[in-house]
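In the two complexes that follow, subunit A is the common piece, with subunit B as its partner first and subunit C second.
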Partner chain A sequence: MEANQEQVQDRVKRGRIHEGPRNHIIAFGISIFLTLLAFMAVANSALDATFIKIFIVILAVFQAVIQLAFWMHMKDRGHFFQILFLATGAFVAITAFIMAVYWVWW
Partner chain B sequence: MAHSVKKYRGLMDWITTVDHKKIGILYFAAGGLFFVIGGIEALLIRLQLMFPKGTFDILDGQTYNEVMTMHGTTMIFLAAMPLVFGLMNAVVPLQIGARDVAFPFLNSLGFWTFFFGGVLLNISWFTGTVPDIGWTAYAPLSGQEFSGTGSDYYAIGLQIAGIGTLVGGINFLVTIINMRAPGMSFMRMPLFTWTSFITSGIILFAFPALAVGLIYISFDRLFDANFFVTATGGNAILWEHIFWIFGHPEVYILVLPAFGAISEILPTFARKRLFGYSSMVFATALIGFLSFMVWAHHMFTVGMGDIANALFGVATMLIAIPTGIKVFNWLFTIWGGKIQFTTAMLYATSFIPTFVMGGVTGVMLAIPPADFQFHDSYFVVAHFHYVIVGGIVLSLLAAAYYWWPKMFGRMLNETLGKWSFWLFFIGFHLTFFIQHFLGLWGMPRRVFTYLPNQGWDTANFVSSIGAFFMAAGVIVILINAIISIKGPKAPADPWDGRTLEWSIASPSPEYNFKQLPLVRGLDAFWLEKMDGKKEMTPAEPLGPIHMPSPSILPFFMSLGLFIAGFGFMYRGYEFESAFMNNLFGYNIIAIFGLAITLVCMFLRSVYDDHGYHIEVEELQKEG
Partner chain C sequence: MSQAAHLDKLPPEPEKATLEGRNKVLGFWLFLGGETVLFGTLFATFIALRNSVLDGPTGIELFSLSITAIATFILLTSSLTSVFAIQAMHHKNIKNMLTWLGVTVVLGLGFLVLEIYEFYEYVAHDGFGFTTSAFSSSFYALVGFHGAHVALGVLWISLLMLQIKKKGLTTVTAPKIYVASLYWHFIDVVWVFIFTIVYLMGKVG
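Right after this comes the complex of A and B.
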């Protein structure tokens, strides 16, 4: 157990110093901006419905990436396994979805 | 003092334990019990089918359906799963040089939820409403309209048992990622640990599908939902998809640790290192991925269309490639080795051809046009018994004989072991080989009887005789296990093993490793032995060891779910007394059960338990 504590301290020394609120404030700003864009696109009656659908799905993907990278700390070091398992889970789910929709019900 | 922890003895010790070795033994005991129950059900099936209709009918159609359903459900969920988990618990932490799993409390919770789920399922025998819908519980047969309370036992029992499996899988993922000894990189992990890792990953992604499916079916049955009720816009085929999205990976959840055990036993007794270690790892990961892409091959005759059938057929055949890599690696491992045929090695070598036979019929079934012929015939029964009994059970028995000394500190009798092997092995092939032909001669599966003189009489008789041989083999194994209590004490390294678990005493002390070992390569202990050393080089100075405290909470958490399960199952049931009707009708029992679980969770969250330390003086005293 003491070895563990040493490891933790070692990691702290190697520069995992708390980075302060700057990144979080930027990420928060981007999130709000993306949400606003989505609302504005839906509210704007001049836009084509198909375009709006595609547009807000793209915004949603960006939103998800920002949530994962900043708020869920995926951009920090030492998150290899979290990313691996998220990616595998997404792979399994998307594969099952595509197979069910395009193979089975095609 | 940090020593104020309460030590329990006897039964309380087993109920409160969070030690992975004891939980492994609990899994073995419970899994063994359910294996025997499932085996008795199998014998009843074979006795019923031994003679055609009219000569020796011991079961009627309804009872046969119940026995058949419970045989399948018990063997998969309550025998094979816990035996695999028992093995993982007993072996994985030792193989990676860890002192316990990452979450000892969760480990205990996983066992008790599995156990209470299994008990709930089997209580159906005493209440008189047994699941009779097959282990796949296809809708609409399993819905409100066509089946009784028995199906509730299936849905609720498996739901509770499934929690245990999911919890266990996550626990092993975290353990293997975080708790490997210094120097043990991923590519130095023994193959059993690797396969346990991939299996835990498959559990993580497959069991939620089962949980969701079971919730749907429970809601359909208990709360009048309509997920699978066609009349109100539901879709019965949806259940088949959900069940097999879970059900097919489940097959690999079971068979991968079995592969891993074989990959440990063959190198030990052939006295060669495993051939193609990295390709074995690659093949395991590939099987894990592919297992999620083939579920619809169970549904070729549903009417999905040519394209879906062809694509799923091809995807299924792809699995033969990584599996073939494994088979050839095993063959090259024993090729030219100095082979000792111990009981474990007999089981392990007989596994290879037997499993290949199951795999070949698997590829045959993966061809959709051929599957239309094989479907619902005894050919399918023969195929999956070759894979599950010939693949999983043979290797679990091999693993049991191999790791028994480490788990229990006693040697099993080799003479009895060889008797058990030959009885079981001959019995197995006698029972199931002929069933391929029964299927090709047109005998459908899931029938409780058949008329004489259709050319099936002799083959069924032969198959039943084989079942008795298998039963005799299992009885010899049980006798062997019981007499091993008084058997010779096991040395630390009885087989001249290669991996870390053999570098510590048998049975291992509660803290496993006095000092964590330094791992210098694959087959860590073998490397040290080849350098003329007797034990591992320690990676840390001798220091106090932190241990988790035992806890009764997991037992009561699971008991709460068990009680709540009954509350939900019987909430719409018409009892004779008004008191019982009120008790269940107003959900009092269900709320009471859930309250027990929630109070336990609350206690666990509020009271910090920092465990205790085993001090250096004590470690030195024990030598």
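Right after this comes the complex of A and C.
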């Protein structure tokens, strides 16, 4: 098992395996931290409601970017089409979002 | 060929070793782009209708921050365990890969149990059914659609685990595991927006 680990480390160094779990665990830590921050902001009734809403949406977008970049490997090379596909989807989603917030009323 | 000899011949990143595997991953991203549109429109509908509660209960009355926090923690952790499964796959450690996929499935099931309990409470005790108000319809459509994705993911990964047991880790089965893990991460990313826009914003008012 130990020899196997060394072989793996060797392959990581030579770039044949792109990374170990370190970045993924950091991404997990950041996600937990951002989530806690959002829950604490909402639990804190002293803050202004509009401020909380904007703040937690920014935290959500940030967390989504972190997870896409690290867990879904978007930060790695050769992900042009991946980014294009998701950005196209996000464009439609954001258009629908703007429509819902500014154009639709009941 | 014995299993060990076979694994020795397997390339370091088996999911990207063949053109078919690479195309499968790329095609899956196109699907995820479509999923983004799907959830984007469901989110937009929810945002437009979240204050149209008629005589039914509002988000502030319904939602529980503690249940949402537990569900969020479960799903976030399951995303990390599916990363560990892919890491084990890259180390050609099938036993660890299956273990981490199993943990992911169990956490996914835990999330589903929590969501079913939550929906049951809403319907049975709070009088918050699918047709109660525009808010309730858009809520169940959005959160329920996400829950259905989790259920599908649990089923999908479970079936893949059976297939790995039967056929082993090859350049054909590895892309399937990789794509299922991408799907699971995407479900988690969608949940980040659900707990923020539906639950936390619902609590703020």
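Here, the second predicted complex is superposed on the first by the 78 of 106 C-alpha atoms of A that agree within 3 Å, B and C clash if a C-alpha of one lies under 4 Å from a C-alpha of the other, contacts with A are read in each partner's own complex, and residues count from 1 in each chain.
Following the convention adopted for this analysis, a residue touches a chain if its C-beta (ideal position, glycine included) is under 8 Å from a C-beta of that chain, and two chains touch if they have at least 3 such contacts.
These numbers come from a predicted model, not from an experiment.
Looking at the shared chain after the overlay, A:V101 reaches subunit C, while subunit B stays out of its contact range.
Of the two partner chains placed by the overlay, subunit B and subunit C both lie in contact with A:F81. Of the two partner chains placed by superposition, only subunit C is touched by A:V57; subunit B is not.
Counted by residues of subunit A touched, the larger count belongs to C, out of subunit B and subunit C. By the touch criterion defined above, A:M40 lies against neither subunit B nor subunit C after alignment on the C-alpha atoms of chain A. In the superposition on chain A, contact of A:I26 is made with neither subunit B nor subunit C.
Contacts of A:A90 after superposition on the shared chain: subunit C is touched, whereas subunit B is not. 81, 85, 88-89, 92, 96, 99-100, 104, 106 are the residues of subunit A that lie in the contact sets of both subunit B and subunit C, per the superposition on chain A. Against subunit A, the residues of subunit C that register as touching in their complex are 12-13, 26, 29-30, 32-37, 39-41, 43-45, 47-49, 52, 65, 69, 72-73, 76-77, 79-80, 83-84, 87, 90-91, 134, 182, 185-186, 188-189, 192-193, 195-197, 200-201, 203-205.
Residues of subunit A touching subunit C in their complex: 4, 8, 11, 16-18, 20-21, 24-25, 28, 31-32, 35, 38-39, 42-43, 49, 52-53, 56-57, 59-60, 63-64, 67-68, 71-72, 81-82, 85-86, 88-90, 92-94, 96-97, 99-101, 104, 106. Of all the residues in subunit B, the ones that touch subunit A in their complex are 173, 177, 201, 204-205, 241, 245, 289, 292-293, 295-296, 304-305, 307-308, 311-312, 516, 540, 543, 545-546. For subunit A in complex with subunit B, the residues that touch the partner chain are 1-3, 81, 85, 88-89, 91-92, 95-96, 99-100, 103-104, 106.
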